[in-house]
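The same chain A turns up in both complexes below, where it pairs with chain B and then with chain C.
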Partner chain A sequence: MTKPLNRRRFLQTSAATGLAAGIAPSIAHAQDPLGIALVVPSPVGEVGWSHALAMGLEPIKAEYGDSVNITILENIPEGPDADRIMNKVVADGAKFLLAGSFGYQNGAMQIARRNPDVTVLHASGFMVAPNFSPFAAKYFQGTYLMGMAAAALSKTGKLGSVSAFAIPELITSINAFTLGAQSVNPDIEVSVVWVNSWFDPAQEQDAAKALLAQDCDVIFSNAQDTPSVVSVCEEAGAYVFNLNSSMKKNAPTKYLGCVETDWSPFFMESVKGHLDGTFEGRNAFLGVEDNVVKVVDWNPDIPAETKAKIDEVEAAIADGSFHPFTGRIVKQDETVGVEDGETLPDEAIVSMDWHVAGVTTPLPN
Partner chain B sequence: MSALSFIIAGMLAAAMPFLLAALGELVAERSGVLNLGIEGMMALGAVVAFIVVRQSGGHAMGFVAAGLASAALATVFAWLALAVRANQVAAGLAIGILGQGLSALFGKRYESLTVPGLPKLSIPGLSELPLLGGLFSQDAVVWLGLLATLAIWATLRFSKLGLVIRAVGENPHAARALGYNVIAIRYGAVAFGGLMAGFAGAYAATVYTPLWAEGMIAGRGWIALALVVFATWMTGRVVFGAVLFGAVSLSQLAAQAGGVALNSQLLASLPYIVTILVLGAISANKRLLKINGVASLGEPFGR
Partner chain C sequence: MGIRMIRRTTASRRMAVLAPMGALALAIVLNFLLYIVMGNDPAAVFYALLLEPFVSWSSFSEVLLKMTPLLLIAQGLAIGFRAKVINIGAEGQFILGAIFASAIPVWFPQATGGWIWPLMLLLGGVGGALWAALPAFWRVRLNASEILVTLMMSLIAGQLLAYLLVGPWKDPMGFNFPQTVMFQWDAMVPTLIPGTRVNVALILALLWTALAYVYMQKSFQGYQLVVGGLAPHATAYAGFSEGRAVWLSLLIGGFAAGLAGAAEVAGPMGQLQRGIASGYGYAAIIVAYLGGLHPVGILFSSLFMAALYIGGDNAMVSAGLPVAAVRVFQGSLLCCYLAAIVLVRYRLVRDGQEVTA
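Moving on, here comes the complex of A and B:
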């Protein structure tokens, strides 16, 4: 297949040939670096969602060096302000836009429609266009494994989760966590506290304390961007794990592990696609099999035999022979959620609005 | 630990950020100045205290630095409101936004880092009581905060200084005719409000949730402001409102953790609803409101 010769490609090849002739510097200057802009809803900091997105760009920086120009705009609230800021970075020449929050969807889609030469990646959305890919992580694959470890370590048989908002992404994480725990101890119970805020460290910490007061001895910090829950659990001597990026240093002894998201394989592939002109918008639901979801920093307290089983299940998830949402799965209200032998399709997972049996807290409607 | 003892043990600490900030605002408003910048002053205090504690300056140093920083910010507001005679609502909002911006700027390198909290100091005997025991095991700041509350209440009610502050807020012209320097007293009251807001922020970022994250004050300054109004400018009611708010916040979390079948959004709004209803009910007495309301609140005082 011959690739169309566009300006960039022409410059790339001529730069390569020009190198020998010693005229590279002037031509390299003529080629504008690819402007990549990442817009995120919270400060990037040391840990958390925005941090993970920003880290996903590091390998691109390393690979492309001066031929990319990366801008990170942090702490941009969803809404009209975000639309204005995204439009501004595109007007300033960014050709590759990473919209790092669900609420940026409409504004980012408008930009993609108006600027066919701009590639947009959008976090956690559902809209797709030829130059617009939504992306999300299959956290549930990792939380299933965490559930196995949690059940093996729990003495009270009660697990807890401090969760931000009752949206499908968080609900699936809790459900898979519960199913994983039940695969080790069928009688395990999971309590959930919804903080109803993406960001309120004090409230999150109180929620964790409330769960600990109810004898939960392993806590799942579901979508908190700060070590609020993790550090209070270390203090109280309860195992704890979180998503996105490791907070092991906040809980040196009680850190169960981290369901890490490494966005770089997906970002790298998309940037490459953009430069080659082969980018195609798709709904990117990325997991262990894409090297996007990884579990890291496993606690050494996990019994060796459980750990071996976890590794087995992880390998089975990666090669597709096992799926956490394979029936028979009973819902919290005792109706059947997934029939025996069936596997929940991705569309049903991304819109999940029910808890599995074993989650004791009713779901807010 | 039962859910009830969890709430009883935690409610004073949960109330402390609101209580400290609200008491400071109470004094400022009693002198006739409405400072809407509490949220920003708390954020500035929080980040300053966090940085000092993080650089191992210790909690005491952290609180002092936070109090001074926020008092300085409050003084800027006081200058706008009292010397320039700017609109107090607008100036307060501007100072609040400035404080939040400064906190983000200073806190940039400290985002998501943590510091050690403070140990609990227990009253021997009482802290071993069943159910209520947790109430008597609090960190040093809670104990000091309760003493400060008592001191502020006594000062406003019984001392000459308190009388002068109230007189300045009630009728600045009369106070001036009596020979009091209205502007100086208001400067002092506003700076004191800043000091307390700084302490409140310091408590939030270095003791209650010992970590720094931009925006971690999360509206607590506004709740403190509302508490002062709903408490009809009475110290006792501010304390009651703050503790009530803290207790209901904790009980909604405990209810969820215990699997209570109630809508969690409804539960989450419960602290606001209950506090408004209760304080609204006790402030329904029009006569009392008239007695306690600050007559010159928000009005610029001309020479």
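Moving on, here comes the complex of A and C:
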């Protein structure tokens, strides 16, 4: 685990802001604990998306102790139930709401509008308000690095991805994975199976088996909240990686690594902003440079020279000298996606609806 | 030595009222122990679970909102269940109702006028009935089990919904997320009380209940359905058609479920998204049986189930109960209730003991 690094980072910043902000927040602490509520669509469990969000609150618990009161509401279906529960938790006194799924957007935004004293962070959305920040991870930075490793290990030159929904976030992950792989082997091909679910073990397994049957020998489990794909690949002897939290114990020998999300730096910064009254809603698109995206549990089978190159690229992404979506990038339909030397702006990345050349499966439409 | 169950010749009316109370008390005791072990404050949990849904108008209005689809669907299903036509595919009929109703705001997002939401509700009912007509046709013509077919049609409905949401009906401005546009104002069912989400569909559900009561308890056709369920051969001799019972049961059940789906998508949801398939169609089966398949009983059982759902959410929010413990409470309460009901209708007799009526 890379927790200590983070912890150090936030202790530094928190010490600084804590001193600077002076006595005001501590008075607030003494009066009433800050009610923080996290609403997530699946069980928190031990792995996956909801788990990563819940873990992001741990350092806040450690830092603020009794002056925050954290409630985690798991397995809340998107729609009327989520709206009711979010309203209830705010009516009960929570002032800091974490809406952990895209489908909560409309309900969460209404709450933010009606309650200017409530701060809302919303996962994967696009709406912004003074007290409402959408947040998303630049998974594509990590999947680019994974693509490099995958291409070095693949014998068939065919990679596969079991993916949830054809939304921009997942499309960019696949595209960057492909580009990373092409940087090592220009002829590599990537096939995608869209299962249209975040959480469907049986379908995920079938999809993984279908890809393996097509000679794909490295599989990317894209936004799947169960270890199904990972386990199937271990059995079949194909390398596999996933997002959010490590599933190494489900594939002890064939686990390529994990593109981990550590939300705590962002959550910490936002809670601090709320307490200081300095919070400003923004579109938080967070990556390696924010210590939110990190690749962990690299497989020792990756050749040393490839690994060295990966480390180099990772450092370049962190300091901003390299961006995975830098031209020239050709689209699947052979038109130019990004001109030579240009870099795709964030707005184009968060609304990406095309695949790069090398992805063989057309986008569902 | 064994124990047998003997059906009571007359079930005590007093016991029929006391049994649910006893079941509730037993469930509370069992879960009380669970909360002690888990380290939760039982008083806070039970307050949130059982009382909080009723103490404020805002939370009671949510109970009524949740009760609406359960009441509509369960009344429709109960008619079929009493005729022994077992439609367990209300979930699919509910989804089809939501899809049919959504067609108007999706295809005509600019349309305005007070006629839009009533037409959507009507379309929803028609959609649900059409989805139920297929199993009815197969049952009557090919003798295919309606239990199996209605269930499988629900799975197909889920796939159809997924296809529409990732394909032709996807919101063009919605970043490829699987959902339609937000509906325009006129495509929303009007709310009854300002500041709450209870809408006109509740009135429809209550009217539907009254209709179901008159139909099942007072009309000749309803009588035919019930008798046909109790004694199919006798009714066949009397010239009643089994095929007609199947058609009536499934069309009524499908219409009610479709109407509920339309009211949900045009009510609290406001757009078609995957969350529409949230299990009302299955929960309504429990509601129908809890209510003894009687229109008045179902009125109470739907209120009870809705309160249990809202209370469960409250327990998570205000008493910090994990979702699994909420489900344990709901499940154990239903089990205790069903056991109590069995004991009201049957008595336990030791083998060898003389049976006296």
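Keep this in mind: the second predicted complex is superposed on the first by the 335 of 365 C-alpha atoms of A that agree within 3 Å, B and C clash if a C-alpha of one lies under 4 Å from a C-alpha of the other, contacts with A are read in each partner's own complex, and residues count from 1 in each chain.
Here is the rule we use: contacts are C-beta pairs under 8 Å (C-beta built on N, C-alpha and C of every residue); 3 or more make two chains touch, one makes a residue touch a chain.
Everything numeric here is computed off the predicted structure, so don't read it as measured data.
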Partners on chain A (chain B, chain C) - clash or fit: clash
Contacts of A:Leu211 with chain B and chain C, given as first, second, both or neither: first
Of chain B and chain C, the chain that contacts the larger number of chain A residues: B
Which of chain B and chain C A:Asn196 touches, first, second, both or neither: both
Partner chain in contact with A:Ile302 - chain B first, chain C second, else both or neither: neither
Contacts of A:Asn75 with chain B and chain C, given as first, second, both or neither: both
Chain B versus chain C as contact partner of A:Leu243, first or second or both or neither: neither
Chain B versus chain C as contact partner of A:Ala108, first or second or both or neither: neither
Partner chain in contact with A:Pro227 - chain B first, chain C second, else both or neither: first
Touching partner for A:Phe126 - first (chain B), second (chain C), both, neither: second
First (chain B), second (chain C), both or neither touched by A:Ile167: second
Among 128-136, 146-154 or 254-262 on chain C, the segment whose C-alpha atoms clash with chain B after superposition: 146-154
On chain A, positions contacted by chain B and by chain C: 43, 75, 166, 194, 196, 364-365
Residues of chain A that touch chain C when the two form their complex: 37, 43, 71, 73-75, 77-85, 88-89, 91-92, 102-103, 106, 126, 165-168, 171, 194, 196, 350-351, 353, 364-365
Residue ranges of chain C in contact with chain A within the complex: 58-59, 62, 65, 162, 166-167, 175-179, 182, 197, 264, 267-271, 273-276, 278, 310, 313-314, 316-318, 320, 322-323
Of all residues in chain B, those that touch chain A in their complex: 1-3, 5-6, 10, 14, 17, 104, 108, 111-114, 117, 204, 208-211, 213-216, 218, 220, 249-250, 253-254, 256-259, 261, 263-265, 268
Residues of chain A touching chain B in the complex: 42-48, 51, 75, 160, 166, 191-197, 199-203, 205-207, 209-211, 213-214, 216, 225-228, 231, 235, 250, 360-362, 364-365
